[in-house]
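After the structure tokens below, expect a handful of questions from me.
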Amino acid sequence: MHPGQAHAIHGNGEQDRRFGCECGIVAIHGHPRAAELSYYGLFALQHRGQESAGVATANGASLSVRRGMGLVADALKPSDLAALPGEDAVGHTRYSTTGSSTLANAQPLYARLRQGEVAIAHNGNLVNAAELRARCEAAGSIFQGETDTEVIPHLMARAETDDLTEAFFRALSQVHGAFALALLAPDRILLARDPNGIRPLSLGQAGDALLAASETCALDAMGGRFLRDVAPGEVVELRGGRVETVASLPAGRPALCLFEYIYLARPDSDLHGRNVHLARKAMGRRLWQEAPVAADVVVGVPDSGISAAVGFAEESGIPYEMGLVKNRYVARTFIQPAQALREAGVSVKLNAVGRVLSGRRVVLVDDSIVRGTTSRRLVTLLREAGATAVHLRISAPPFKHPCYYGIDIPTAGELLAARRTVAEMAAEVGADSLAFLSEAGARSAAADAAAADGFCTACFTGQYPVAPQPAERALR
Amino acid sequence: MHPGQAHAIHGNGEQDRRFGCECGIVAIHGHPRAAELSYYGLFALQHRGQESAGVATANGASLSVRRGMGLVADALKPSDLAALPGEDAVGHTRYSTTGSSTLANAQPLYARLRQGEVAIAHNGNLVNAAELRARCEAAGSIFQGETDTEVIPHLMARAETDDLTEAFFRALSQVHGAFALALLAPDRILLARDPNGIRPLSLGQAGDALLAASETCALDAMGGRFLRDVAPGEVVELRGGRVETVASLPAGRPALCLFEYIYLARPDSDLHGRNVHLARKAMGRRLWQEAPVAADVVVGVPDSGISAAVGFAEESGIPYEMGLVKNRYVARTFIQPAQALREAGVSVKLNAVGRVLSGRRVVLVDDSIVRGTTSRRLVTLLREAGATAVHLRISAPPFKHPCYYGIDIPTAGELLAARRTVAEMAAEVGADSLAFLSEAGARSAAADAAAADGFCTACFTGQYPVAPQPAERALR
Amino acid sequence: MHPGQAHAIHGNGEQDRRFGCECGIVAIHGHPRAAELSYYGLFALQHRGQESAGVATANGASLSVRRGMGLVADALKPSDLAALPGEDAVGHTRYSTTGSSTLANAQPLYARLRQGEVAIAHNGNLVNAAELRARCEAAGSIFQGETDTEVIPHLMARAETDDLTEAFFRALSQVHGAFALALLAPDRILLARDPNGIRPLSLGQAGDALLAASETCALDAMGGRFLRDVAPGEVVELRGGRVETVASLPAGRPALCLFEYIYLARPDSDLHGRNVHLARKAMGRRLWQEAPVAADVVVGVPDSGISAAVGFAEESGIPYEMGLVKNRYVARTFIQPAQALREAGVSVKLNAVGRVLSGRRVVLVDDSIVRGTTSRRLVTLLREAGATAVHLRISAPPFKHPCYYGIDIPTAGELLAARRTVAEMAAEVGADSLAFLSEAGARSAAADAAAADGFCTACFTGQYPVAPQPAERALR
Amino acid sequence: MHPGQAHAIHGNGEQDRRFGCECGIVAIHGHPRAAELSYYGLFALQHRGQESAGVATANGASLSVRRGMGLVADALKPSDLAALPGEDAVGHTRYSTTGSSTLANAQPLYARLRQGEVAIAHNGNLVNAAELRARCEAAGSIFQGETDTEVIPHLMARAETDDLTEAFFRALSQVHGAFALALLAPDRILLARDPNGIRPLSLGQAGDALLAASETCALDAMGGRFLRDVAPGEVVELRGGRVETVASLPAGRPALCLFEYIYLARPDSDLHGRNVHLARKAMGRRLWQEAPVAADVVVGVPDSGISAAVGFAEESGIPYEMGLVKNRYVARTFIQPAQALREAGVSVKLNAVGRVLSGRRVVLVDDSIVRGTTSRRLVTLLREAGATAVHLRISAPPFKHPCYYGIDIPTAGELLAARRTVAEMAAEVGADSLAFLSEAGARSAAADAAAADGFCTACFTGQYPVAPQPAERALR
């Protein structure tokens, strides 16, 4: 879900996360400590959203919901977990955007419908939400918030059926875009993925309990084992201890977000059977094959560039070194250095290790260039620590297009790659050389040949698997 | 400084830091934004203490002090920095111990003496503080708190001189133990290290400003460059833009804490000219030489075990892999999993990567075994992820003795190595084999041959460079 | 409005307010500092509700809303007022009930309708809200909260007209019960009172600005002067600087709540032209006429019993004295004394003045007996301070029936007068004599003969001007 | 105690308290719930200080202390009371001054001395504290805070005796000024009043427990009965369940602060056997005798002017009416109206009742004129409500001199009476006539003839019972 407009809060080299993935979700069916378990599942998905977190539980008869702002550990307290009885749960952690970062937009979204109480957790973004909303409002519906997700309960309330699963299916048949959804009702959990499977969603099991999560690392954290991925377009019901496919949306072409492998997902997660760390290493190996360079040492930008840097080092034979050290204590409440101090070299997040870099030709491996500001700062940092050359290698293709499916990428006007050639970019960031991994290379690193076409790479190519509506386009 | 008694809050595998180093200090002389700069310096030393943080500044005429509980970003707010005028500053970040973790014990310690206002920041621990305090109290002094540091201003207040530097020197001549000190007065900063140089303290320069810090990474963070270390026993005055050695305490044998290299210091710091990351890599290399083993993959325990694991891999030729992934969002307010969930496999901080470990013989490199609980849990985690063998290698000698100089090591009764042979320990943690680095090996990795004797290794050997007082011994 | 169920939180003699009046409202049209002015207006109505407070403003084009929990001074901060631009405002302060005392139920209630944005403030209670809500939900409406008020925007959204005033009138034509309403839209304010005029609402003027408030004391506080009362059933529009009656609901019999005079309203307010303090004095005078007694001193229970006590003293010639002193600092966060301390005589709110009471026969004047607990405690307190006799006089008739129009009176099972004769009550509270003012006496004190029939006295008589629905009855 | 400098935060007619009395104290000996009891005692003394509150308890072996900022209910939480074991307690509530209103200055003041642990609560102000402090500091003492009270523990620490009571007596023999003191030690409580008895202190009993408090209303609140006042210069020990006079300071002339009767104390307290409400009524009666005037109604300024107004009405035969109504919800966090709103008639704290005042000649009775601003505003308010004449009567003499004994009176430059004649003051506040009670009249209302000389009236006459030091004078 997105709150009406996208925002870019990064690019200054001091932020923890450069891109926002709007949300991670978990679901638990049939566990005596469902609320607690969802807390640990959400904690494992914390990298997918730091704005707010929430959990809803069902005890067979009614729902309870708790939501709060901030990280999971801030949003949910022991008293919250204690106020969430029942053996079924859905949880949600949300990406922070400015402006609409309010409790009103936190999920799970709760509503009482003619079909009963529901709580909905959504990862992704619907491209025809504005149009559907206008239609409901004209007919007398009152919306609470600004999120695209809210059209789903309104479409369900207006479906002329008292059957919850049927109402859910009818609502999903009207929405377009990216969605991994978990809907909690007093007696069941419904899961669904959009027909293209843009956002991931996996099923697991822990003892007698059934689990679902955006990434497999959350299944691990909940003490579970992986069962299978929810298929694109599949609607799954968890009820009475059993998993059942209850409906299928009309099929689209498979288009799992490739950027999940490059940046968003945790290295210990497997997506569609492929481990993310190993995919990143493979991207690093391929990057060396596509753009070799003579150097003395390979350095990765912590944390997301490390795996690719190790792959690059292994393939090239150039030694990998810890040339950049990250301060692990960066917090939201941290005071950013004033411009004058920044210019005087005050640095907060990353420090270069002079005794590793001094007098060496360095390959710096990172996963992206957004505005170029961060990259320029890193190159400068390495040079000041004594590097005699800095060759920048990016383990992904250049970003040129906005994402309409739930990732918060700056507008084209801000994206350096949308305005500059690679040579111009190298000059702008001050690198001795610069190369990006090819789109084909990235795809082939994330899957074997048979599956390598099944990705959404719209942010690199502009080829969108689901056409965004004019209203959505206008927001970017 | 220590607050009267030592505590061990670690060993459960979920804590960020296993040992407490009691404190990091910074000093700035002659910078127009001294308070802000000290904030960034302290932030770089955050790993040395997370209980409280404080900054004092001097504007030539008077002092201002602000202290708060928690991490630097929580303890000091923009309004605090705004309330700290002046071009000189000292800052302090303190290690969290239970019980005495109160604002009253936070530093810098402020006092008005007959020699004028002072603010004192102390890293280390004095072994004769209890005796000195009893003497002062019998003569009518009233102490505010429980820390050993407080004897210093009381000894100064009772020195029959109005000269501040002289009073400081007279006080230091009476205290024994470990200290790196920064004292702020309205017109100068005084720095000192104990005669054995147990705790580190380095001088730096940023433009016209003079800097000092417990570790060089803080000099980097403040935009400065390293000048030199303060020598053991040296008393330095920063005044009028100049550095001057104003006194020397009687020399002791050089005894820099070796554990700073093994665990405490940041990898990007240089201590006595030796980079910590490179020292750890050398420990890993040496560990392979001392205790080789046939295996398929080397895995380090994040974060402090990574450098040694990379060294072990390089020396052995066995590939290094990211087999354990750490959740970066562990926070103080996090709710620990209940015992039942823990036993059911719910994990919070570390996750094992099955696709890297499955079917492999693993060398697991860590920097210490304390109670054995954490190590056992890690070995189990790797086996459950499919490792066919787990060989544990520790890049330091076994801990057997308490530290009286400011590191919070559990009591001998709790230290596994004080009660068990290496073979028994291997069995207890469930490893296929276990080896520790030798004490000589650790020393030689941290320094060249000429300097390899100049370390305090009392926690491994029981040979203390300064005899602890009976009262101090009783506390352990 | 009421949040689904009524609660009684009083009767222990330590609470500030014994009965809850559910809400006070203000409206301002055409003032350059509308948000600030509404803050002071709400502050003057603080006695009508301490649970939450909120203000909405309109700047001609759109609305802004801020709500918070607690007293006005806690709920609204300078930053809130600064975030409320525009020259029109409505404000609301809400009575605290347990359970549903949440921000979600705070008002003004905001909604975007097909007729545009609205913010609604409501004092009173609708008796057919449950039925109307069920009807809307069956047709696909989703309600946010639990309050009766929310049916109004839903009925408006479903009215098949784009005219806001028309939609408001159509909605009001469907609701039954008690309401004083202020609706803010970008270009106008709409005010309305139910056909019986159960809850008060007055119009005022301050310079060029038009004002409305539940009580005239709020007009005074906003620097305004009284214009006239909104008539029962009248719908008023404030727009373009003018007051206009735009519609009238079918007339009912006049039935202003008599309890407003007895307890709820502030003594400096005038209701339907009658000053509340003077009405209470007249009740005291009449009480002496109906139930005289030989005594030495008249004492009133602070604060609401003081006016009647002064009237009683004047009419009887017995001197009035300050025999009970109230601690002005009772706060929400106060820790109530444990039972053992209470029994040992620890008292918090009221203290008896021994030198005024000792050896005297005392007439104690209060405005009500609810459960009897408080009265018994007060009688005991006076006797312990030396009173030789305590004659209790109540300046209102006995409470025997629940209120369905927005006042939080305990259930009949808890009301002492519903179960006991006056003589039994005197024995239960330990008074030497007890008398209540007659219902006719109370009415005649609040109005001249012509208007003395125009009151709702259902809580005393059980004669309800608007029949409560079965669902509402079940809640009591 | 005072924190180094005095501040005036009043005079704008919107503040609750016009003068600051620096502190109220309580002590409890031998009660199983000593901490809770002291909480209720402090709550009854809340009017004497709203800045901070604290309680210390002793369990026979050691002390526990908790202090917090703000009102008692904010400063002390259930967890604080639970952390205060033991049967002996002292408590303190402190007056709010700007600047030094910090937790560091909150009391009870805790110190570990050679005679053991002590916690000290002080009401009053020492006039030679600065001199004594300088002497201690020159000899090597380090002071923590800025308060005058802190010299007492330092003088005790330097007394060459291990006997606590002896050390306390020696310290008191050196200090001059006003003090009511309660000192808690592990095995006893010591109480003392200065030789002139400027500040009050009374003893009481509740069951087997012994009590002490600044005012008798606190004894009542704790469920106790009054025993006797501590005599001027008396040092009392509460130990082993018994009260004993253990020492006497050299006698001075009796000089109980007359302003306690006029304004500071609660109306339900008795000071030196005289009830405060009755003293105020007597002042009102005497005021009529000294300055009669033809009028229709007498109105008192709530709350402190009410008793005198009632006395004035009784003596004159002019009826007393509730012409001013006070909003009971004024809170610290309240936003003061902007100047423009104030001028437009927005009022917050007091409202005039038009139907009581309109067309009447009014006598307005208040207890003081400070800067004149408040009085002018009140006179205007009455005239705007329709009063045809306003005669202002003040139930105390004019303030012309600063207080050095613990009351926060504005500087002479700000005191209207120090610069103007009565006629000029009448003109400045806009009253038709103005009169003050004579000093002799005030004294005679507070005591019978025999005791009427035993008051400190220095703020009216400039005759100080204890000469202030030059340093103290300089502060005013």
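So that you can tell them apart, the chains are marked A, B, C and D in the order they are listed, and the count of residues begins at 1 in each.
Assume a residue touches a chain if its C-beta (ideal position, glycine included) is under 8 Å from a C-beta of that chain, and two chains touch if they have at least 3 such contacts.
Computed from a predicted structure; not experimentally measured.
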{"item": "Intersection of the contact lists for subunit C and subunit D", "value": "none"}
{"item": "Greatest separation from subunit C - chain, by CA centre", "value": "B"}
{"item": "Centre-of-Cα separation between subunit C and subunit A, whole angstrom", "value": "51"}
{"item": "Rounded Å distance between subunit A and subunit B, as computed from the means of their C-alpha atoms", "value": "36"}
{"item": "Intercentroid distance (Cα basis), subunit D paired with subunit A, Å", "value": "62"}
{"item": "Of all residues in subunit D, the ones touching two or more other chains", "value": "none"}
{"item": "Chains touching one another, given as label pairs in label order", "value": "A-B, A-C, B-D, C-D"}
{"item": "Subunit A residues within the subunit C interface of the complex", "value": "111-114, 137-144, 153-154, 157-158"}
{"item": "Subunit A contact footprint on subunit B (complex, rising order)", "value": "16, 33, 36-37, 39-40, 43-44, 46-47, 50, 71-74, 76-78, 81, 206-207, 217, 220-224, 266-268, 270, 275, 277-278, 303, 306-307, 310, 314, 319-320, 322, 325, 327-329, 331-335, 337-338, 340-341, 344-348, 351-356"}
